[in-house]
Each structure stands twice: as C-alpha cells, then as structure tokens.
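Chain lettering (A, B, C and D) follows the sequence in which the chains are written, and residue indices restart at 1 in each chain.
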Amino acid sequence: MYGDISAKAAHMLGQPAVLDFFAKLIQRVSPKSYQQALAEVQVSQKFLENFCGDQVRFLARSFAVPGNHLGQRSNGYRWPYGPVAIITPFNFPLEIPLLQLMGALYMGNKPVLKVDSKVSIVMEQMIRLLHDCGLPAEDMDFINSDGAVMNKLLLEANPKMTLFTGSSRVAEKLAADLKGRVKLEDAGFDWKILGPDVQEVDYVAWVCDQDAYACSGQKCSAQSVLFMHKNWSSSGLLEKMKKLSERRKLEDLTIGPVLTVTTEAMIEHMNNLLKIRGSKVLFGGEPLANHSIPKIYGAMKPTAVFVPLEEILKSGNFELVTKEIFGPFQVVTEYSEDQLELVLEACERMNAHLTAAVVSNDPLFLQDVLGRSVNGTTYAGIRARTTGAPQNHWFGPAGDPRGAGIGTPEAIKLVWSCHREVIYDVGPVPESWALPSAT
Amino acid sequence: MYGDISAKAAHMLGQPAVLDFFAKLIQRVSPKSYQQALAEVQVSQKFLENFCGDQVRFLARSFAVPGNHLGQRSNGYRWPYGPVAIITPFNFPLEIPLLQLMGALYMGNKPVLKVDSKVSIVMEQMIRLLHDCGLPAEDMDFINSDGAVMNKLLLEANPKMTLFTGSSRVAEKLAADLKGRVKLEDAGFDWKILGPDVQEVDYVAWVCDQDAYACSGQKCSAQSVLFMHKNWSSSGLLEKMKKLSERRKLEDLTIGPVLTVTTEAMIEHMNNLLKIRGSKVLFGGEPLANHSIPKIYGAMKPTAVFVPLEEILKSGNFELVTKEIFGPFQVVTEYSEDQLELVLEACERMNAHLTAAVVSNDPLFLQDVLGRSVNGTTYAGIRARTTGAPQNHWFGPAGDPRGAGIGTPEAIKLVWSCHREVIYDVGPVPESWALPSAT
Amino acid sequence: MYGDISAKAAHMLGQPAVLDFFAKLIQRVSPKSYQQALAEVQVSQKFLENFCGDQVRFLARSFAVPGNHLGQRSNGYRWPYGPVAIITPFNFPLEIPLLQLMGALYMGNKPVLKVDSKVSIVMEQMIRLLHDCGLPAEDMDFINSDGAVMNKLLLEANPKMTLFTGSSRVAEKLAADLKGRVKLEDAGFDWKILGPDVQEVDYVAWVCDQDAYACSGQKCSAQSVLFMHKNWSSSGLLEKMKKLSERRKLEDLTIGPVLTVTTEAMIEHMNNLLKIRGSKVLFGGEPLANHSIPKIYGAMKPTAVFVPLEEILKSGNFELVTKEIFGPFQVVTEYSEDQLELVLEACERMNAHLTAAVVSNDPLFLQDVLGRSVNGTTYAGIRARTTGAPQNHWFGPAGDPRGAGIGTPEAIKLVWSCHREVIYDVGPVPESWALPSAT
Amino acid sequence: MYGDISAKAAHMLGQPAVLDFFAKLIQRVSPKSYQQALAEVQVSQKFLENFCGDQVRFLARSFAVPGNHLGQRSNGYRWPYGPVAIITPFNFPLEIPLLQLMGALYMGNKPVLKVDSKVSIVMEQMIRLLHDCGLPAEDMDFINSDGAVMNKLLLEANPKMTLFTGSSRVAEKLAADLKGRVKLEDAGFDWKILGPDVQEVDYVAWVCDQDAYACSGQKCSAQSVLFMHKNWSSSGLLEKMKKLSERRKLEDLTIGPVLTVTTEAMIEHMNNLLKIRGSKVLFGGEPLANHSIPKIYGAMKPTAVFVPLEEILKSGNFELVTKEIFGPFQVVTEYSEDQLELVLEACERMNAHLTAAVVSNDPLFLQDVLGRSVNGTTYAGIRARTTGAPQNHWFGPAGDPRGAGIGTPEAIKLVWSCHREVIYDVGPVPESWALPSAT
C-alpha cells in the first residue's frame, strides 16, 4: 500500500505548481534562497520515487539460513518497533520530517510527529497531500507543541523509539530521559581538508562558499572549519572565496536571518577568536546593513576568521575555536606537509562527527585521512563538499551507537526497525529419538 | 590477522583435553551440569571456527552505489567505534564474554572487558589461550572489579559504546548514566505457547523440562511461563514434565544452587502466587534437601505453579505472575480456542522480549502468534524451544533500539560497528562548468 | 536517467486510458480475456514503478572487502555485457519484452529486441511511449523479422548475451548456435500436487481452473498435470472444476484460439492418452462450436483427461503424458499415501522445471515435496497456484545454468550483468620493501 | 557437516609437513618453483579455513519478501544443480580442482571430477586426505581419463552443469556439445597498462617479472602484453625487467619446461613478430641451454618483444600479436598521452577478458581505463599485478554469460547454484472470498 501512496505523492509533488508551492512555503518560514528551498522539495520528491511499487516490501526483505537438522531454519527479519516518535528542527521543514516519517511508516511503525512549531505549517500541508494520496488518517499522529510539552508526552507515552534531529544539548537530555531509546542526528562541527594537490581552484572556491554560507550556514552539515594545505596559499583560493561571499545578498536570501544566534553573540564569538595570537578576519565580520530583521535573530555578513593551527590545538583555545555557530561563520587555517598529524588530531578531538570533506585526488592522502577519521558522511575527492546530501546516499553521524541516518534503504532499516530472529523447527522428530538424560 | 587467531584458537579449544578443561572450569564457578558446561565451550569453539581465514575481513564488507555524475560514488562501510566496554554476567562465564570480545575485536574496536568477578577466572584462562594464539596483548584490556568501580570507570573513560549483558535493573541505570551509548541484553520473562495441534508429547515434555530447569533455570532464555492449549490437557504432558523434573539431582548439578535468589525468596514468591484464586503447585515447590549450599544462595526443587489465565491478566496479579525468578521456577496456564487473544495480550504486556516459543506446526496459528509478538529470538514449530541458542543464529531481544545481539555476523556488525558513508567525487569537473549564481 | 524514464512511463502507463489502450491492443493480437490482458499491462506498470528514482542505480550496487595490506581492497561489481539481444514470444506481447528490455537497459547494455512478429505492434507502441518519456532513440534497436532472419543476425552480430523466451526446440538450437551465450526461459510442463489436507475446496477448484485454462492454457506456467491426493476424491473438487470450465466462452475470450497447436493435433493427442489403460475424459474433449477461428489455429473446449499414476510412470507412456500441449489441456491423476514417492519420481523425470504448486498447509508434506523438486518458481500452501506471477517475485526455471529470470532486481542482475572484480592496490609500497628472489 | 570437514582439512593441510608434501608433489608434475607450489597449497588451505564452522550453511542463505496478502511471502534460494562435472587443467593441480570441488559440494551438488591426467596424482592424494577428514566416499566421483573419453562421458551422463577450466578451443567445443550447460574459465591474453604517473620503478619492474615469467608464464593470468606510457621510457624500467629475467634459472624452476608449446613454436612465433616494422627483441629470445627437457616440451629463456602500438592495431598484425603463448613470452609496447584511445581499442578487440592491470594512482586515469574495459579480474593502482590471485577475492573472466569464477562465496554461489523461488501462500482465504468470474 505504501508503495502506491509514495508513487502518487511523488507524482503529485513533481508537478511544477506543487514544487513551486512547497518551495515558496518553505521560504515563508525558513530563511533560504528559492533554489535551496526548491532543492529541498526535489530531494523529498526523489525520495518518494525511490519507494514506489514494490520497493517498500523489498525493505522488509528477510533472510534465512539452514539449521542443524531437517525442518530447522533460522530467519532474520527487520521488525518494526510499534509506537515511535519523531522530532525535527526548523532548518529543513519538509525534507527531514517527511523522510523520517515515511521511513517509520514503511517499516510498519505508528509514529507521532512533532516539527518545530515555527515551521510546522509545511509538514501540515504535506500530510494533507499524503492523505489525499491514500495515507490512512489513523496511521500517524501530528502534534503541534513546544519542546516542554513534547518532553512530557514522551515520558508518559513511552514510545519504543524516538528519532530526534536537532541541537546536541536537547539530544543529550532526551537520551538520558528516555534511557537511550533514541536515535539522534545532532549538530556537527564539520571540517574540510584541502590536500597537497592544488587543482580546480575556481570550483573548490565555489564549493567552499556554498558549504559555508548557503542557508546562511544554518545546515548541520555546514562547513565550520577549513584546513588548507600550504600549497593552496598562492592559488588565490581565499580571494576567490571572499569575492563569492560578497555576491550574497538579503534580497534573494542568499544571506539572511539566523534563527538561533543573535548578531551580538556572533560578534562576541568573533572577537574572542581574534584575541588568539595570529588570528585575523579574512572577510565579513560585520553585521548586515539596511534590513528589518528583528533583534532576536542574527544578521551577519558571511564571515571567515583565520586562526593559526598551533593555536587551535592549545587546550584553552580548542573549545572556543570548535564551538559551533549555527550561522554564516567559518574558521580557516593552514597546515604544512609535516603538520597533517596536527590536523588529524584536531579532527579527532572534535565531538560531533557528522559530515566532512577531504578535497584531494591523491589516493594515499585520502587513505590516510579517511582511515583516521570517523565522520558519518564524508566526501572525498577534488569535488568533495560537506553539504548538499541528496536522497541517494546515507546522511548521518558515525561513531555513536545512538546515531541516526536518513535517506537510503539502509538508513530506514537501521533507524526504523530492529532485528528479530525466528527459528522454524517443524520436525519431523527423528523416529530414532529417545529420551536423553537431563542436563 | 584475527582470522588466523580464530583458526588457531578454534583448533586448540577443539582438543578434547582443552574442551574438558574449560567445561570443568566453568562447573567450578557456575552451577550447571557437565553437559551444559561442555555445550557452552563447544558453542564458543564453533563461533571461533566461523571466523577463520578471510571471514573476519568479509565482516568488513562495504557496498558502493554510483553517484550523480562521472567520478562520483557513495560507499557504505561498517566502521568501528574505537574504545568500547564489555560487561558480562555469571551464568555463561565463557560464551558471552568470548563471543562479544571477539566481535568487538573483529570489527576493529579496542575493548575493555569486565566479567562478573565470581566467574572471571574462566575468561582469564581463555585470554591466555588467545594470547598464545597470537592475540597482541595491547589489543584489549581485562579488568577485575565490582560493579561500582566499573561504573565509575565507565563514567570517566567514556567509551564510545558499552555492551552490557545482565539484569534489567543495572541495564536501565547504565543506559541513563551513559546517555544511551549502550547495547543491552537483559533478562527475559520468556513464554512458550503450545498450539492446538497436539503431537510428539514425549518430545515436547522433554524440551519443556530442559527449557525451564537446565542450569537450574539460570538462563536469560529459560521458560518462565507456559501457555497450554486445552487440547494438551488430556495428553499427559504435565505428568511427563513432573516425572522429568524429578530425575534432576544435585549430584550431577542437573539441579543446583541459585546464585541470585534465596530459597526463602522463591518460597515467598510461590506463596504469593498461591493466593491467587485457582492457583496450585503442579510439582516441586519444596527446598532441596541434604545439601551444603550456603544460605545466601537458593536451593529449590524444579517447580511449576498453575495459575488460571483470567487471573494472570488481572492488573493486581499480572506484575506478580510475570516477575522473573532467575531459578528453577515456572508458571503454567491453560487456554481455550477463544482465549488466544488473552494469551497474546499477556505476551504483549510483558516487558522483556528476549526468547519465546510457539509449539505448533499449524501455519495459520504460527502466523497469527508470530505476527503479533515481538520477542527477539522466537522458535516456531513442534520442536520449538526457548533455550539452547547456538552460535549459528542471532540471539538477542527485539523491540528496543538499545537491544544487542550475539553470535552471528549480523549481530557482530550491529553491535560492534556503525554505518559510515564515504562519497568519492574525484571529478573530472566538466569542461563546460561555469560559476553558478549563489544560492 | 533510467529512474526518471521509468517514473514517467509508470505514471503514463497507469492512466486509465493508457491501461485500456494497451489491454485492448494486446487482445487484438493475443487471444486472452480483457482481465488477463489488463493484468499484463498492470504488472508491466508496477515493474516500471519499482525502478523509479534511484532504484536503477541501486541495481548497480557493488561491494568491497579489505585486502591483505594497507591500500588494497577488492570490489565486486555487476557489469554490463555490452551488445545483447532479446527474443520474446507471442503470448505476453507487452510484459515479457518490456521487462527484459528495461532490465537490459538498466544494467547498461545495448539491446536489440525482436518480438514475435504476430504481436510486435504492442511493443512498437510501447517503445514510442518510452521515447516520449525520454528514452534516447539510440539506446536500443527494435527489429521485425521472422526467426530465420533473426538467427542469421545473431550469428553475424555475435551479441555477448542473448535472452530467449519461447519454445524448448528453438531454445536448444540457439544454445548450440551461440555456444551457450544465452539465457533461456522455455516451456514448462508444470505440475500441481494436492496434499493430504483437504481444505478450501471451492478456492482450490477456482485456482485450478484459472491455472489450466486462462489464456486458453497458453502460458508457459499453465497447469499441465494435477496430482491429487485420494483424500480429495470425495471432496467434489473434480465436479467443481468441470463446472468452472463450462463457464468459459468464446465471446469474452475466456476460452479462445490456440495459436501453435491445431484442433486435430489436440484431439489426436487426447486419443493417444485414452488408449492408456484406465484413462478417461473428465470434461471437455471436444472442439469448440460456432466459431470462425481459422483451421491453422486450434479451438478446443477446456479439457481434462484422467490417467492412472502407475500408467503415467511406464516408460512408453511417460513421454506421451508429459508432452506439453500449449493449449487448454491438462492431465489429472490420483495418488494414495504410499504413492508420494511415485509422484516425486514423475516430477523429477520431467524435463522442464518452470513452475509448480504444492497445495497443502502441512509443513512436513511441503518440506518433503519442496526438498525433492527443483522447479524454478514453486508455489506452496493452500493458496498455491502455477500461473499469475506478478512483478514482485522472481519468475524463471531452475536447475539449468542457462536459466533466465524475469521481474525482480535479482532477475535483472543475474540475466543482464556479470560479475567483475576490481582490486585496488594503491600502496604505499612499504618503506622496508626489498627485492625478493624470483619465484 | 562440510564445515567440519573443511575445518579438519584446513588444519591438516596447514601442518608444515603436509604443506611441504603437497608443494613437492606439485613440483613433481607441474614445472614451477617451490615458492610457487607452496603458495598454491597455502591458498588452498586458506580457502578451506574460509568455510569452517557454519560458513557452509551461510552460503545457503536465502531471502524472503512479503507478498500481496496475509500468509504470502516469496523466498529466493540458491539451489544445487544435482549431478555436475568438473574438468581442470595441468597448471594448478591442487588449487583449481580443490576449490571448485569443494564449492560444488558446499552447495549440495554431486560432482564428478576430472583433472588433467598428467597431474591428477595431486588431487588423488588430496581426496584421500578429505576422506580422512570425513568426506563420505559416495559424495563425489573422481575419474582418470583422456579428454575424448571424458567428452563421451559428459554427452552420455548429461550432467546439469559442467565447469571447465582450460584452453579456449576445448571450451568452445564443450559449450556447443553441452548446449551451453557450462561455466568456463579459459585462457586470457592479459594486459597491463602503465599510466602517466611514474613511481616505484623497482617495485613495478619486479611485479612485471613475476607476472610474465613465474611458472614459466604458464598461468592463465600471466602478463601477455605491456602497454607502457612514454613517461616510463627514461625510468630504466625495461633494463630492470631484463636484469630480473636473467636471474631466473632451471635449477630452482624459476624458469622451466613449457608443457603445451614447443621451443620451435615459440621461436617461430617470435620470428613472425619480428617481421613487423619496428619490432625488436628486448631480452631473451633464445632457447634454454644445458638441459634435458624432452623435445615435446618447450624450453625458452624469459622473452620480451617490442612491437610499435600503431603496428599492433593493423588488422593483419593484431591476431598475430594477441595470440596467446602459454609460456615465458610477452609483448611490450609504448604509448603517448594522445594514444590512450588506441590502447583501449586494442584491449577491447582482444577476445579473452580474464585479468588485467592498470598501474597508476591517478584516479581520473584509472576511472577512464576501468570504465572502458571489461576484464573479469582487474587490478588497479601502483601495486597492480595480473597474477597471484588469492582465495579472498573473485577470480574469473567477465563479459560472457558462461564465465565461471573461483574462490569467494560469490563465485561458489554463482557457479554451483541457481536461483529458485518458492512462494508460500498459506492463507487464510479471506472469509469474504467469493467465486470471481472466469478470465
């Protein structure tokens, strides 16, 4: 049945008018450019296409292995949890809740969904569309509340599993409250390393600009720190990045309001960084001008601050430099051939391991960096990025047993089902069977 | 390398003298018959055989999917956590710690292992054997301590993942302390349902006796409650079970001391059950005689208490009846054709979903019961049992995202590794590429 | 790209007007009822839905295993053959060629397609629809010819792989001509066994009628012989089958022309069977009346002939009884408890192992029959059938390395790709490497 | 059971005395150095280790997918063929027959094995060892005969599947005789391409020497042609290869008799090559001196002949240059940046696609060459080789539906089993079911 619902919903969502409706609706509540909002709808549409027809039943594929005697075989199933909960944040009002909701339903769970109330109108419209495509009204619940009420509901309803996407602080609280019956996708302080082989500088600069500043940096996959091999210094990369950042403007929301950090907080953080010896502003560093963004939100030009590598690693500085600013803000540093160890040490000491990028086509360099890092979604190669994950590959953190994933069949199976083993043992009891001694 | 270590250890452990040494060593610390202790060693030996040669590397099998353009592909890996902890209980002093330890090592983790200190001598000897087979001394740590010290160590060392096998009470505490960075295999109140098709009564009676009373009932998979279809009443099953239970004797440890429940506690629990209307002792119900088992341990004859189904479901009684007694104790009840709903309701209301058995060869009956239950390891068919899980199928609970598994490649991968996605994107950047607008 | 084409084509084919157009077009060239023709279009439509979005790329999923030293890993790919050929028969003018064509394209081959020229108009229309949905014109070739011309083309073009669906005679010739570079799905003499547990007689009778006589028996999966346990004799099954067969009529094509066997040939075959001792006509056995079907085609009432089991097994009779008649014709026989061995021997002696059905819910009986038979697509259980395979499970013969499959991801991968292993070994060469002696 | 046999046989074969016995026995009948013979035994031993314990049953892993209604599910099995045949050549008297034999047995077939009678004593001894480890005598047949007798046996016994490893000529004849019921692993004209990035010249020279001349070139994976990027010209590679080839000597069989090509034939072939404009002998080119090798065998120094790339591609020359010489003989050529197309064209025009090597760490170059070639076992990276395939990765040709593989679980499953689908459909028939109209 869910194959049919997905097919219908994918087709409907693929209509130009519907794509446009949802893209604009997203823009109404979430500060991103039309292209970024449209991409969110398109990824959601592709995801639905992926689970048309029999593909939902193929998710429930089990396996069997012969047993020890005639009539015995063991079967490994992916089994639903039953009642589950989904809690999703403001920055992707359609993609995150839709993909997780459908995943939960595909695997046979009964989800209650809560989307950040600032943006829940998008999912509310989407659920209406799903109902129209055949989703039975009783298969899921949709709740509008603040976090405190939701927390209380979770503690009382005691769902078998809760998927939470959002800030690390709330994630840790929920994990303790629910005694670990959670899957989490929380923030990331995402790094990018440029390797020794300098190539395609224009392309790499453009990717850096998008990774750091698209959606005003309000993606959990946004580039937070850039480790640049010294070979790139004379390539003009930083100048190109500066120029690209200056193209961004409020009118088309290629830069825009920051919902969870105020301008003052960002300026203060920057000033703290600038106290570190050798630090400097590369570009940005000023509030946006000529706007009517309320004070409770942030409004900042795309900003990059340079901090020397040796300083980053000092224990007083490290926590400061790796503090995630959910806005258009990144740290840049440089390393020489013999400092790769320091770069890897820095990456290992960071807490959140969500996305990462290793921009190099040198197989030995890639092997070295990939083998010693643990970020969940890691891009490698000269075209590597940290953001822009589509529906066709897994997206999620690694290194944590509570880590969730989103997008692929593997993610759906891991997050929304558990292993169950059924061993069939139908006989016959051999004719020669005789009562053994007790053991 | 671990393929070679496993091959050597499997061969060494398979030598009759070594098998015998470990079986007797287990008997020194854990109250079970020689056959039961021997079986534990044999399962451990077979497990090691399963991961000879290249099979360890096959565990690290990854997959790849083509990307969106030339040079792009996404790879899904199973990635180790790094530093991890393993905590295992007294009742399987070799099998549980060895299988989990090797699983952790196969996937590339660095484990610290703590076995219940009453029985840790078994694993201590096994680790010496592993060292002799080539296990590098620095690949794992072995710690002897009580639970409190271990708890402190975990909070300070903060392992990325902790596997705990043991009581539900400690499991829940650990889950909260470690904020869910755990996999758990805790106790189960395991049920068996006899279906409407009465067959092979002698065989079924023998399996019931073994499931309920082998190792004096001190298996987390022991049969705790038996739901018997009325058709079995006149089959003589209960009489046969009684006779079988009376074969058990202290001399060969087919019945023996209970390590975590005293005789008084068991008698008191029984007496509470007997207050329920219609309850009666089917057999046993008395302390063992003529023994020198210290008072802090339990010593009880294999016992079965009948409680009527309607009474079990009453809310006052339910918690009492389904309280797990980690000893030679089971509840028996009966149901008629139209009471299957009540049986399923009872099974659903129980908390721990570890093992279960549906003794029937009727496919529609099996389908009905299996489809509406969630126990992790469920045996189905006329030869179904609740205990005796070997190394060739998954063993573990279901319905809980924190649930661990043991034994199979799937269990090892699920417990000891996480998903990591690496997306290679090496180019070439198309010659026609031109700088897009910012988004 | 093919994910998009499939999504568009699935949606277009799912429009009621298009479904109806193709169903009626099929009826114009292939003698089947509207319902049967419609089902063929629906299965084709669902198949296209199954490969929407990223599902085509997921077909190309590869795996990797770590190698023996740093920098080495082996990758197993499914690789296309390149130029391939597809030859399909008259009885499923849309489903067979479309599913195989798309499978070949999904895996990256360049196919040339030949459909039986009597019915090729259906696929010709379908290809136009595919072109409209974005299929590049140069990705495939479509040829209209008779078999001799096609044979010559194959010998000259020497495709890497040829998929042939059709008669066993042509299949064997092609296999020798092309030196085995073929995958074959040829005719089947398909059996059904009714087990000892008599249940749901009305339902089973209806399934038998559909299996033997839908499309006038012109399915390679049609029921050719029915082995009935004696317990069914008094159930009225044969009477019910007779009544059901008499509902069939020319007007709605529930019975219709037979394209490859004349009426005379069928009558002659029947008369030969009737010479066997104990044989008799159960029903049918006469030509259709009041029709204008040309003499070169067959026109026969749905017919069942009873032959005693012992007679079937006699070597003179066996070849006669198991000769496939591609029309509305079946053999029925009966067996007693102790004759199951003879039934299994008969099934094993048959040559073509396409579909089969074991109508029983007795797990030991099913286990016995399934374990000793080798038919590719075998249905088991009280609702078992031999025909009506949808797109969600594999359909194809077993027991032959040349056997093809159709429908599922497994079938597509097996038929349309081969294994290729690429071992990356990028180094580094260890610094300690020194030139070894020659070996 | 086969898990136990494999465990015992792996352990026994791993004893130093047994390893040595088989290595020397191989040397008695097959002209290779002790190291090469020993490696053959070690690979065989590792293979047996891989299928210890439960790993044989894991090969029989099936999968299941839910069906369309309650009680229905489809199961995909790997099913044995039944009676099968195995025919293997002289050059690997232990590894090839043992791995294929065990693969056939693991999947449940009943094989008859024929090894080239010149070397069958090795397998005869191995089978005795297997019997000692528990292999039932009746599970397989071992036949000693010449090819003609075997051909007759195959035609009469009509095995369901025949695995043939050996010359292309016999392979094609068998494929036609057995109408394609074969899996083939025949000779390869294996190429190596050195990419533009010159690195590790000593290492690459050594690998070239081993690939071309180990076992006197009598491996189906031996390097037959070397395409060298012009950048390598000044690296001294060819001089190093010459020196390495001159280390080889008869005493330790690092060069030795060629069993299927006489010295005269090799000299004649060389002289024909030298008639091509621009050709020259790089080294070797002379018969071995001071030996007692009978005239019916070949005895030739390790030889390399240079032929210009443009000449190779000319249609008169191409067949000559790419004629496989199963001896210590290779062709070397050179290409410049803009001639890569010609190299790829040459590789594509070759017939047999067994192994290949792309010696480069440039990801774009690798991508280019790998994407446009189809060799079954392809090594890529600076350490790439063409020979020395171990048991841990697939070895076999690609691009041919008759292609066999050897070594891995995938190879065993592909060669020794076929897909069988069993669809369980046990009901219940819905209570609302009513007889539909005929269709």
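In this section, contacts are C-beta pairs under 8 Å (C-beta built on N, C-alpha and C of every residue); 3 or more make two chains touch, one makes a residue touch a chain.
Per UniProt, the chains are A, B, C, D = Aldehyde dehydrogenase domain-containing protein.
Keep in mind that what you see is a predicted model, and the values were worked out from it rather than measured.
Visitor: If you tally contacting C-beta pairs, which pair wins, A-D or C-D?
Guide: C-D
Visitor: Rounded to the nearest whole Å, what is the centre-to-centre distance of subunit A and subunit D, using the mean of the C-alpha atoms as each centre?
Guide: 45
Visitor: Quick one: report the Å distance separating subunit C from subunit D, using the average Cα coordinate of each chain.
Guide: Once rounded, the distance between the two centres reads 34 Å.
Visitor: Would you pick out the residues of subunit A that each touch at least 2 other chains?
Guide: 54, 57-58, 65, 71, 361, 363-364, 381, 392, 426-427
Visitor: Is the way these chains touch best called a line, a ring, a star, complete, or other?
Guide: Contact map by chain: complete.
Visitor: Residues of subunit D touching subunit B in their complex?
Guide: Residues 3, 7, 10-11, 14, 46-50, 52-55, 57-58, 70-71, 363-364, 367, 391-392, 409, 426-428 of subunit D touch subunit B in their complex.
Visitor: Give every residue of subunit D touching subunit C within the complex, in rising order.
Guide: 33, 35-36, 39, 65, 67-68, 71-72, 74, 76, 79, 81-82, 160-161, 172, 175-176, 178-183, 200, 202-203, 206, 209-210, 213-214, 244, 247-248, 254, 361, 370, 374-385, 390, 392-396, 398-403, 405, 408, 410-411, 414, 418-427, 429, 433, 435-439
Visitor: Give every residue of subunit A touching subunit D within the complex, in rising order.
Guide: Residues 54, 57-58, 60-66, 75, 361-364, 381.
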